[in-house]
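The two complexes that follow have chain A in common; it is paired with chain B in the first and with chain C in the second.
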Partner chain A sequence: MDHEIYILIVEDELEVMDAIVNDLSEFEDHFPIETANTAEEAQSVVDQIYHANNEVGLILCDHVLPGKNGVDFLIELQSHDLARNSKKVLVTGQAGLEDTIQAINKARLDHYIAKPWTKEQLDSVVKEQLTNYVIDRKYNPMEFMAILDSVKLAESMRANPLTDN
Partner chain B sequence: MKINRKQIIGSTVGILGLIIPFFLNINGLSEAGHVTLGVFFLAAAFWMLEPVPIYATSMLVIFLQVVLLSKEGLFFHSVTDSYTPDSYTAFIGTLANPIIILFLGGFILADAAVKYSLDRNITRILLKPFGTSPKFIVLGLMVVTAVLSGFMSNTATTAMMMTVILPIIARVKNNDPLRIGLALSIPFAANIGGIATPIGTPPNAVVLGALNQQGITIAFGEWMVLAVPLVVVALLMAWFILTQMFKAQTDHVEIDMSGRFNTSKNAILLYVVFGITVLLWITEKAHGMKSAIIALIPVVFLTMTKVITKDDIRKLPWEVLWLVAGGLSLGISMKSTGLAEWIIGSISWSSFGPLLIIIMFGSVCLLIANFLSHTVTATLIVPLAVSLATSGLATEGFDLVIVSIVIGISASLAMMLPISTPPNAIAMSTGTIETSQMAKAGITIGLLSLVLVILNAVFYWPIIL
Partner chain C sequence: MQKGFLLNSRVDILKFINKVISDTPDLQKLVVSFNEKEVLFKQGENLPYLYLLLEGGVKLNRENDDGSSLDILTLEPGHFVGLVSFNTGNDSLTTAVALKPIKALRFSQDDFDEYLNNHPRLRHPMQQLMMSNMTDRLMGNVQLESKMHALNQKLEDEGEQLKIAYSKLEDSQQKLVHQEKMATLGELVAGFAHEVNNPAAALLRSSEMLKENFLDLPSGDPRSRIFEIGLNSSPLSSEMVRKRMLEVQKKFPYVKERSIIRKLAQIPEEGHEVIIDQRKKTPIEILVQQFEAGKFIHNIKVASERIANLVKSLKSYSRQDNNEAEMIDLRDGINDTILILSHRLKYLDMEVKMDEIPKTCARLGELNQVWTNILVNACDVLPDGGKLKIRTKTEGEYKIVVSISDNGPGIPDDVLPRIFEPNFTTKNQGAQFGLGLGLAISNEIIRHHGGFIRASNRENGGAKFEIILPVKNC
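Showing the complex of A and B:
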C-alpha cells in the first residue's frame, strides 16, 4: 500500500477509549489508530486523514457524546465523498431503538457492539469489517492475508479472475 | 500516475535499447534486423524491469512492429533481398492465433467453473479418499490442485485452494512444520499441474504458438501424453520432498468440506459443456477437429445459454491474451528479419551435442523464470530455439519440438521465490512461511524436476513424437 488505512475511535470517556485502543493493539502496526473525544473533533480528524491522502477504513463510534451524538455524526459522514466508504461500527450501551434504526437506515451502519464487550468480540468485528473494507475497495488482498481474515480474502481472489504471468 | 526510480531506469534502458540499433551497422544483419533488434531490446528491458505492466509492453511491441516493420508501416514498403516485410495484419493477427482462441475457450470454461463452484465441488469429491493422515492430506491437496490447475489458471487454483487449507492451518499448532508443508504444497502443485495441458498456463501457449508458426501442430491430447507422466512424477517427488522437509507433528487432520453440487439448469449445462469440450480436446486424434475449433464450443454455447453473461465476459483476463500475442508477434519479426538467426549465429553451436543444448536451454530458462514472468521467459527464449532449428546451425539430432517443450516446461518449474510466480506470492502472503523455506524447497524441487524434464526429453518424448 502506498498510503495508510486508519481506524478511528470516537469516545468521550478516557478509560473506555484506553480499553478499546488496548484491545486493538494487534492491528495498530498495519492500521494506525486515531482517536477523537467528540463528533466535532472526529470530523476534523477524518478531514486531516483524507487530506494527507490516507483513508479511514473503520470508525468505532460511541453514541452519547458531548455535543453532536454519534449516530448524527455517522449520518453526516454519508455525505462525505470518501469517508462514506468507511466501515461504521456503533460501540454503545445507550443508543435507543429510534437512534439505532436511524443509524442503520441513514448511516449504513455495518455493526453494533453493545457495551460491555470482550476483546475477542471486538477483535473479530474489527477484523471482519476491515476485511470487508479492503475487499470492497479492491485493494490487493495479498497485502492483508497475514493480518485480516485470510479465508475471506482468498475467496475474494477466487471470485476475480486471476492470471498467471 | 506516480513514477518511481525503477520505472525511470526501466524506461530509459528500454528506449535507449530501441534507438541505439538505428545508429549501428552490424555485419550480417539486415536493416530490418537492426530495427527488430531495437524492438527486442525495448521489449526485453520493459519485460524485465517492468516500467509498465508486462501486458502493456506486449501491446507496445505489436504497435512498434506494425509501425516500424510492416509493409504498410513507415519504412519497409517493398520486398528487398534481405527482408520480405509482412503485412501489418500478420502482427495484429496474432491476437486471433489458434492458441489464443484455445486459451479463450479455457478462460470461459474456468470462469464458469468458478461461477458455479465446480472447482470447489471437484476438490471436495477428490479429497475424500485421502483420509485424515497429514501426509495423505497433503498428497490429496496436491493432486487436486494439479488437476484443477491443468484447466484453470495456476493462480486462480491457488486462491481457491487457500480457502481450503487456511482453516486447516489455523487448527494446526503454531510450531508444527505441517503448516509450512501445507502452505507450500499448493503453489508448487499448481505450478507443476499447469504443465499438464496446453491451456494449463501461458508458457505452454507460447511454445505451441511458436511451433504453430513453424507449421508444427501438437494436438491437445498429444501434449498431455507428453506432459502428464512428467507431471505425475514431479508431483510425487514434490510431495515426498515437502513431507520430508516439513514433517508433521500431528497425526490427524480434519478437513471441513461441506457443500453440494449446484444443480441449477445453468450449472448442469456447464457440466455438460465442460465434459464434452475436454473429451473432444483429448480425442483430437480420433476426430481430427483442431483444439482451437473445439475451444469455440464453450465460447458459443455458454454465452448463448447465458451461463456466461456479458459481465463475465468483460471480467475475463484479456491481458494474458495480449501478453501471449505480443510474444508471438515479436517472434514473427525475429525470424523474418534474420535477427534470431543472427543472435543464434554468434554462438558456435556445432560444438554442442543435442543433449547439451537441451540442458542449456532448460537450465537458463529455469534460472531466468525465477526472476521474470514465466510467460516472458518462454517468449524471449523460444524464438532462439526456433531459429537454431531453421538456421541449420544446430548439430544433427536437434529436435525443435523437444527443445521448445523443454523451454516451456522449465519456465513453469521456476518456483524458488515469492516473485517467481503469482501462486508463490499468494502462499507467501498468508504469513505462514519464510522466504528461505520457500527457496530451499523450491530450488530442490525445481532442479530435480529439471532433471526429470531432461530424462523425458532424451528417453520418452522421442518415442511419442
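Showing the complex of A and C:
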C-alpha cells in the first residue's frame, strides 16, 4: 500500500474514547487511528486525512454529541466524494428508532453497536467492516491477510483474480 | 249591565246568566251535568257542542306523541269548554275531564248562534263572556311564553355551567393521570437507583483494591512511580492527543509503533521524564503499560463515582413518594435536576450562580418537578450553545428568589398571559412528552408552597422565570 487506511472514532466522552482506542490498538499498526470529540472536528479530520492522500476506511461514531449529532454527520459524509465509501458504524446508547432509521436509509449505515460494547464484539465488527472495505476498494487482499478476515479475503481473491493493482 | 272599557268580571256575568236560566225554560233544557272524572270530549274528536261551565271545574289535558300526558288548562265557572275546536271546526286538541261534579250549558252550533247574536237578554253577556274567555287565554299564553323564555334561559345557563364543569373535570382527570404517572415513575426510579448503587459501589471498591495491588512494589520503583502518574491523569481531548503525538514523535524518535506513540502522547511530562530516565533499564512498553493501568483505574473510579452521583441525584430527585415537607436547601434540588438533565443541558452555555440562601420548609420532589419543567422548556427552545442562567438569592429576610433566564426567542405576547393555564402548550408538532400541564402544575406547586411564579421577557431578549418562595420553618 502506498497510503494509509484510517479508522476514525468520534466520541465526546474522553474516558469512553480512551477505552475504544485501547480496544482497537491491535489494528493500529495497519490502520492508524484518528479521533475526534465532535462532529465538526471529525469533519476536519476527514478532510485532513484525504488531503494527505490517505483514506478513511471505517468510522465509529457516537450519536449524542455536543453540536451536530452523529447521524447527521454520517448523512453529510454521504455527499463527500471520497468518504462516502468509508464503512460507517454507529456506537451509541442513545439513538432512538427514528435516528437509527435515518442513519440506515440516508447514511447507508453498515453496523450498529449498542453501548456498552465488549472487546470481542468491537474487534469482530471492525475486522468485518475493514475486510469489506478492502474488498470493495479492490486492494490487494494479501497485505491484510494477517490482520483482517483471511477466509473472506481469500474468497474474494478467487472471485476476482488479481489484476495489476 | 255596565258598559265601558272594562269587561264585567266573569263571576258577575255568570250570576246574571244563572238568573236568566232560572227565568228561561228553553235554556234550562240545555243544562247538563257530569260526574267527577267524567269525560266531556276526547282529544281528536270533532265537537258538536260548546259548553259554558256553570259550576265545578274542568281540566284540559293533551296526550303527546311520546305518550306522555300534559295538563294544558284548568277551567272554572264562566269559562267555555271546547271553544277553539267549536269555533274553528277542527278536531279537539285536548281531552276535557270533570275535576268535580259539574253543571254546564250545552250549546249546539245553532243554539249558540241564536243566543250569541239574537237573544235579547243573553246576547251581551255571552259576547262579554267570549271576550273575557279570549282575554284569559291570551294572558295565559303571554305568561306561558315568558315562562318558556325564562326556562330556556335557565336551560342554556345550565348547559353552559355543565360545559365548564366538564372541562374542569377533564383538567383534573389529566392532572391526576399525570400525578399518577409521576408517582409510578418515582417508584421505578427509586427502585432502579437502589439496584444500580450496589454494582457502582462494587466497581468503586474494586478499583481501590486494584490500585493497592499495583502499588505493591518496592517504593521508588519506576513502575509504581509511573502507575501513580497514570492514576492522577485525566484523558485528553482528541485535538490535544494529535498535537502531543507530533511532539512525542520528535521526543522519542526510536518509537515507531503508532499505538505506543498515541499512548505516550497521553502521558504527562513527568511521566516522560521517568521513561527517558529508565531508557535501557526498563522496556518502554512496560512503563507505558503501567501508566495505562493507572489511567484505567482512574477512569473506573471516575466513571463509578459518576454513576454513584447520578444515582444519588436520581434518588433525591425522585423523592416524590415521601411527600413530607422538610427543611431543605433549594440549591440541592436545583443541582440534582441539573445533573439529571445533563444529557440535554450539556448543549447549552450554562451560568449557575447560587448565592447562599437559608433553608426553608418545602417538598423537595415537587420543587424538582418545577425546575425540571422550566429547564426542559428552555432546552426545547434554545439552539445549541444558547445561554441559560440560574440564580438564587434572598430578598429581604423572608423571601428566596430563584430565577431561570435564557437568551432564546422569549415568550410571545399573546402566550404570556396564558402560560400557566392548564393544557396550554405550544408544542403541537410531534409527540413531545408535554401534556401542556408542566407550567400549570409548576404554578400550582409553587402556590401550594405559599410562593408564586412569574414569567416575563427580558429587555434584551429571552424569557425569564422567577420563583419566589417564603422562608419558613416546618
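Methods note: the second predicted complex is superposed on the first by the 160 of 165 C-alpha atoms of A that agree within 3 Å, B and C clash if a C-alpha of one lies under 4 Å from a C-alpha of the other, contacts with A are read in each partner's own complex, and residues count from 1 in each chain.
Quick note on the criterion: contacts are C-beta pairs under 8 Å (C-beta built on N, C-alpha and C of every residue); 3 or more make two chains touch, one makes a residue touch a chain.
Just so we're clear, the structure is a prediction, and the values are computed from it rather than from any experiment.
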First (chain B), second (chain C), both or neither touched by A:S150: first
Contacts of A:A19 with chain B and chain C, given as first, second, both or neither: second
Partner chain in contact with A:D2 - chain B first, chain C second, else both or neither: first
Partner chain in contact with A:G67 - chain B first, chain C second, else both or neither: second
Touching partner for A:T35 - first (chain B), second (chain C), both, neither: second
On chain A, the residue positions that both chain B and chain C contact, one per complex: none
List of chain A residues in touch with chain B within their complex: 2, 141-143, 145-147, 150-151, 154-155, 157-165
List of chain A residues in touch with chain C within their complex: 14-15, 17-19, 21-22, 25-26, 28-29, 32-37, 41, 64, 66-67, 94
For the chain C and chain A complex, residues of the former touching the latter: 234-239, 241-242, 257-259, 262-263, 266, 292, 295-296, 299, 302-303, 343, 346-347, 384-385
Chain B to chain A touching residues, read off their complex: 2, 54, 107, 110-111, 114, 119, 153-156, 159-160, 162-163, 166-167, 194, 201-202, 315-317, 319-320, 323, 373-376, 421-423, 425-426, 429-431
